[in-house]
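Labels run A, B, C and D following the written order; every chain starts at residue 1.
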Amino acid sequence: MESGFHGSDLDSSLKCKLEESGMANTHAIMEKAVNWFRSRSIFVVAYGTGCGAIEMPPTFTSRYDAERMGVVGVATPRQADLIILSGYLAYKTLRRVIRTYEQMQRPKYVITLGSCPINGGMYWDSYNTIKKLDDYIPVDVYVTGCMPRPESVIEGFVLLQERIKNGEKAGWQKYDENLKFYKDNQKRVLGGHIDPSYETDWYNLENGGVA
Amino acid sequence: MIFQIILLIMLAYVVGFIYFGLYRNILARIQGRYGPTIYQSFYDSIKLFSKKNTVNYGWMFYLGPIIMATGAVLTLILVPVFSDSDFLRSATSQGNLFVLLYLMVLGPLGNALAVGTGGNPFGVMGVVRGLTRLIGLELPFYIAVVGLIIAANSSDIVHIIDMQKTGGLNIINHPLLFIAAMISMVGFFGESPFDIPGAPQEVYSGPRTEFSGKFLALLMSQGSLFAFAKLVLIIDLFLGGADSLWMLVLKTLAIFVTIIFIGVVYGRYKVEQAVDFLMKIPTLIALLGLARVIWFG
Amino acid sequence: MNSIFLLLNILPILFLYQFGGDLHVSFSLTKDFTLSLIQTPLGTFFAYLSLISFLLVTVSQKSKKLSCNYYALQLLLSFAMLIIVLAGDFITFFIGWEIMTWSSYFIISKSNNIDIKSLQKYILFSLASAFSLIAAIVISYSFANSFDFATISASFKSMPFDIQLTLIILFSLSFFTKAGVIGLHYWVVDTYSKAPDLFSSILSAVMSKMGIYGLFLIYGNIVGYQELKIMFGTILNGTDFGYTLAWIGVATSIIATFKAITQDEVKRLLAYSSIAQLGYIIAVIGFGTTYGVAGALYHTLIHTIIKLLLFINVAAIIAQTGKNRFSELGGLIYRTPVSFVMLLIGIIGLAGMPPLGGFASKFMMYNAAINTKFALILIGMLFSGAASFLYCYKLVYGIYLGHPTSKGLETQKEVPLSYLIPQIILALLLVLTGAFPGAFVKVINPILTQFSLKALPYDGVGIMDSAVGNFNGLFIMSAFVAFFVLILLLISRIKSKAKNNINRFDISYCGEVPSKDTSLHYGFGFGTELHRIKFVNAILKRSTATFYDALALQTKRSSELLSRMYYGNIHNTMIIILLFFSALFFIGVNS
Amino acid sequence: MSLGYYFLLPVIFSFLTPYFKKLGSFTLRGSSILLSFILFVQSIAYTTMKLPQISQFSIKPPLGIAFVLDGYSLLFLLIFTFSAVIVSFYMLWYFKVNPKRDEARFYVFFNMLIAGSIGMILSCDIFNLYIFFEIVGICSYTLSAYNKDKLGLESGIKYLIIGSIASIFIVFAIMLIYLQIGTVNLGLIAQRFHEIDPKISVLIVLMLFIGFGTKAELFPMNFWAPDIYQGSISSVNGLFSSVVAKAYLFVFFHLFYLFGLSSKYMLFVMVIGAITFLVSEFTALNQTNVKRLFAYSTLGQLGILFMALSTNSSETVSGALFHLTSHSISKLLIFLALGILIHHLKSTKISIFGDFKSRFLTIIFAIGFLSILGIPPFSGFVGKILILKGFALSHNYSAIAFILLVSIVEAVYFFRLTAMMLDKKGTKRVVHVGFINYILLCVLAALIVIFGLFPSLLIHYTDLAANALINPTDYLKFALGVGL
């Protein structure tokens, strides 16, 4: 499977060498190991966008203790692997969310809480909330419920960990592949109110810096 | 010697990470949680090393964590691990306590350059907090160290260890100095109430704000090396060093756990409160200990 | 112009080298005054130090279009310093001292941002220093009947104690003023910051060292460390005298360090740092032990190197950008990378970090304090060293790191080569002194012999040896480099895509994108939070300016009061004359 | 040449001045220069001769009138004649740029002033001395009123009144001396002074002190002096500072040592000198008029000289005389340069030092200031260190401390002026010095530097002078006519 190589920390030349010397198998094992480590250590930046923010403190503190699964909160998106978006997103928030997401380092994942990020939920006809978050940034796991209990959130973590462990193709790969699609969508809702540097693809400056 | 150095670094790496995992576990238990596995820090570090991309603001940003790691490794190889055998004593004879005191600051200062290059104001805020805290933190520690140096009339750590074999442990001879040094150590380990520089709630995790991927992993690894070096230094200075591996583990663990226990029960000081406090009570304790050294032996 | 004076600066070095330690010239001024030049190991050390500094500064002056007068005055200054350090008697010394005073005064007056008040401060303190010196000289003359160093030194023992004490105090006051001990440092900061940028390096690196030379001359040569011990008695393992002096030095260094942190002007920070570093030297100069003298000498050397490096660096940046405040600079690292590295080496030396020479000198001074069991002095020095990290960081951050804070900084070019060459030489020296701390022992030992102290042990060029511990500079340097390269290689092997993303606005800023108006250059203002720490605030809020301004005000007032007598009424004058006559007559006839 | 010509030649010249004027200003100026030059050269010639020298007129002293030149008066003679040469050259420039001034009036009184001053230092009987005193006085009054404006006339009148008061005291003193001893010959007076009833002698000394002290600008009697300096032209300021004040000072100490006064008096004079120094320097700080400023500076320096000359030790006195010479040269330099400045900037405000642009004048002023402050390698340094050394040898440390502390106050205003000159801000007017002045100022500055670098050139004479002053036995021999 192609996505298996995406998790590699080895460059392609090394990969070729490994394949030539018949060590592709070893490489696959290493790949699996790395994926396992990734699944065991998830740094979370918890973005309290909506009402679901209230569910996150119990998830991370004594009662439910997400840390036992290696899920730890961090302050900056630079260090985070996962962003939790907890509920409806106003356009204004979306701008920050996109910015935060883009600042996270690959591989990176998105979990959303509640129904609003799926289809708008009770804000389905609001003039300033987005309806389907997946149009703007790729969501890996939806945790449904209004609001989801910490148990559900933890289930979401477990699901994500499984997917990472299996090396399944994740949202960030889709984002990279279909960047134009996402950027167009973002531009459509945010229009002229976006930051001047919004269009800059910070990680592909050598490509002209334009998405 | 090179083999010993490599062995030492590996030992410190493993022990440091396991201690850190232990720390997280103890913290969790105190907070009524289950806590991560003891190897969690390994997982974190390997994951960070295998991140697919890493932000880099330029060569100074790149070199900063490396300077910091170099400082930690240098500190490590200059501390004698075992008191009796020459095993793992690697480069101890090439330096002395003053070299160590300064090397302990060299790394952070190098990293501060990288933080400054990163251009994130929160990072610099953290650095400034750290350096300001250092004013207070170093004072009791310096007094304690100077007290020991004057008592032993030598700045050679091996000599200080040897002194303790005949004259009794420094923790018993100079308890006040030990207390002062331990209070400073709480700060050096970044524990509450002195965990001001990297406060995530206030300054967006401070100096580490912009570090990600392999740089963050490097910082974490050097942190574990450095923590081990500091622990060994403390047991060398006050507990007569260790003559076997289990003794080493026991003593360092005792010190480490003490520090953790102090750390978990306190809230966080503001930077000026911390410096004010450190300049008063621990300094006073240390000065009393020093006076005892100078006038009563 | 520059090359001519460059040659003229080389000449005295060759001249000194030619004599090779046997210089002895004398010239009879009058029947009482004989000017004599004698080369001692101490004098030779300081002579080379100052001459080479002048040479390097002249090199860096190439890109400045300076007038012939300027160079001539600078040459005169270097000549005056040569006279000072080679003088064999006090008249020669004093003549050199005063020529130094006024020639530097005229150079400083050529600066573009000097004002009358700063000039006045400089010259008045210099003159006060000189007058205290001359008072001490004539008092010692009254006992020795000679201005010769040797004669005065010989007759010093037979002087009454109060005269001895007065002499030591007067001499010390004079040289303390030059070195900028706290309380007498009022002129230092203004002068250093407002003098021509490159000349500040001379002021800080060389001229303040003349004060140190004077102190060595008095304590070591004229009075003699053994005599000081007999005069003042002992405390712990050292002398009372050394202990007092050490407290003066340590207080200077601590106070100046905190003052330095809060400065916004680059050169003011360096000026305070200079005061603080000289505080270290003064702290150990009076110990009268081998390590005390060796530490003071070593730190003299290191401080000269560092301050030359830093001031030239800063001068280059100021000349290039036209900005001299931390709040106006910033983010120059990618524009002027070589300058940045030079400054970095400088501040690592200044902070006394191990791989560079700054550590060796500090280690020597710490050793001295351990030897004498002056624990509090040692702690004071360590403490001030810890606080100095703050201003070191501020220096490098404010100029080179963070974000550019004013227009034009983003398109800045690297500074001219003439500035860089001396810096590179000095940085190399700093590295060499760090790697080979033992090499300096051979320079110090003759001076120690001159003061009849025990020589330092010599264990090899890389090792600094002492009774209370040693360290191998060469090993630490090479281990540092080796590990650095090793870790660098390891890290660069990990192929995590590390893009050089230096856009100043692409920072993790809570989901926001900072705009051009966002203030991101945080660190230039640090030091303000120090005001919230009680102990530090107690230091920061006090200033000697209060005292000296009050003194100036009172002088002005008394002058106004006295000048009222001279308002030109002839009748009153007549009456006063008559009254004066009557009063005198009355007194005279009755006595 | 007889010593009498020192007096006669200028007087004759003065009387002939109206005729010279008719011959044209060139003759007038040229002959004045020639005259002063002759006197100066003659004075130099005396340095090679054996001293003391005497010139008697008709009758042998102690009955007759005589001029005696000893080492002490030789030094002053050199200073006076040299100043005369410099000033008469300077006046060439002055009358060139001020063509409408009355030249004859100046030259008459200038030459009479020189004649009188020289007479004062040479004369060996006290009555003649009084006559010369009056001549100098009258010339000074008129010269200070040379500017016929408000300030000039005011200063002339003030000087006249003060001068008269001083004269009264001196006349009374002379009268008392004559009543007690029955002679006016200085030698005889010196021999018999101790025979006078102590109460009367106190009165005599006091009256002389007040008389000469007033003229020599000692503290409580010097409130008039700055006004005089302010009202008169710069060259006259220079003369007052380096010739007239020095002449009175000469007589003061000449009589002082001749009469062999006790150490009580010496201490008193020293204290008065110290107070003069202190008060003048402090007052000078607050001045806004340059001429007044330098007047106070002169007073201050006279204070130091009074302190040092009253020590009765040959080292200190020699140093003081060196300082006196150096001060005369420096003050002449400063006042002449100041005259140029004032002429161009038409102001006597202190701010003119910030308004001119001339590298030459800046250097000249700087040399003058540094020399007066006693900073090496200029001549003032040697004088000052000799004085300090003298005080140190007599273990008078308080005097050393005092002089040095007050010198700092002095430095405040001198360096304020220097800083103003060096200040680059503000509009600056270019000042052209003129060829003659260029040469003159260079000569003066060169002398300052030369005496600073090679003080032995001068110290020989000051030692001679100091010995002659303190041990006037040779002088007495000649004054009494014994050696003839």
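As a working rule, a contact is a pair of C-beta atoms (placed from the backbone, for glycine too) under 8 Å apart; a residue touches a chain by one contact, two chains touch by 3 or more.
Since the structure is predicted, the reported quantities are computational estimates derived from the model, not experimental observations.
**Student:** So using the touch definition from the top, which pair is joined by more C-beta contacts, B-C or A-C?
**Tutor:** By number of C-beta pairs in contact, B-C is the larger.
**Student:** Taking each chain's centre as the mean of its CA atoms, how far is chain B from chain C in angstrom?
**Tutor:** Comparing mean C-alpha positions, chain C is 35 Å from chain B.
**Student:** Approximately how many whole Å separate the CA-defined centres of chain A and chain D?
**Tutor:** Comparing mean C-alpha positions, chain D is 97 Å from chain A.
**Student:** What is the distance in Å between the mean C-alpha positions of chain A and chain C?
**Tutor:** Once rounded, the distance between the two centres reads 57 Å.
**Student:** Could you state the distance in Å from the CA-based centre of chain B to that of chain D?
**Tutor:** That pair's centroid distance is 78 Å.
**Student:** By residue number and range, which residues of chain A touch two or more other chains?
**Tutor:** Residues 9, 76, 78, 203 of chain A each touch two or more of the other chains.
**Student:** Tell me, which residues of chain B touch at least two other chains?
**Tutor:** Each of 49-55, 204, 209-210, 213 in chain B touches at least two other chains.
**Student:** Where in chain C do residues touch at least two different other chains?
**Tutor:** Chain C, residues with two or more chain partners: 494, 496, 499, 501, 508, 510.
**Student:** Per the touch rule above, enumerate the chain pairs that touch, sorted by label.
**Tutor:** After working through each pair, the chains in contact turn out to be A-B, A-C, B-C, C-D.
**Student:** What residues of chain C sit close enough to touch chain D in their complex?
**Tutor:** Per the touch definition, chain C meets chain D at residues 28-33, 91, 94-95, 98-99, 101-102, 105-106, 109-110, 112, 115-116, 119-120, 123-124, 127-128, 130-132, 134-135, 138-139, 141-142, 555-556, 558-560, 562-563, 565-566, 568, 570, 572-574, 576-577, 580-581, 584-585, 588-589.
**Student:** For a test of understanding, state which residues of chain B touch chain A in their complex under the given definition.
**Tutor:** Spelled out, the residues of chain B in touch with chain A are 24, 28, 31-37, 40, 43-44, 46-47, 49-55, 200-201, 204-205, 208-213, 216.
**Student:** What residues of chain C sit close enough to touch chain A in their complex?
**Tutor:** Those residues of chain C that touch chain A are 494-496, 499, 501, 503, 505-506, 508, 510-513, 515.
**Student:** Mind pulling up the chain A residues that touch chain C in the complex?
**Tutor:** The touching residues are 9-11, 76-78, 95-97, 99-100, 103, 195-198, 200, 202-203, 205.
**Student:** Within their complex, state which residues of chain B touch chain C.
**Tutor:** Against chain C, chain B makes touches at 49-58, 60, 62-63, 65-67, 69-70, 73-74, 77, 91, 93-99, 101-103, 105-106, 109, 112-113, 116-122, 124-125, 127-128, 131-132, 134-136, 138-139, 142-143, 146-147, 149-150, 153-156, 159, 204, 209-210, 213-214, 218, 271-272, 275-276, 279, 290, 293-294.
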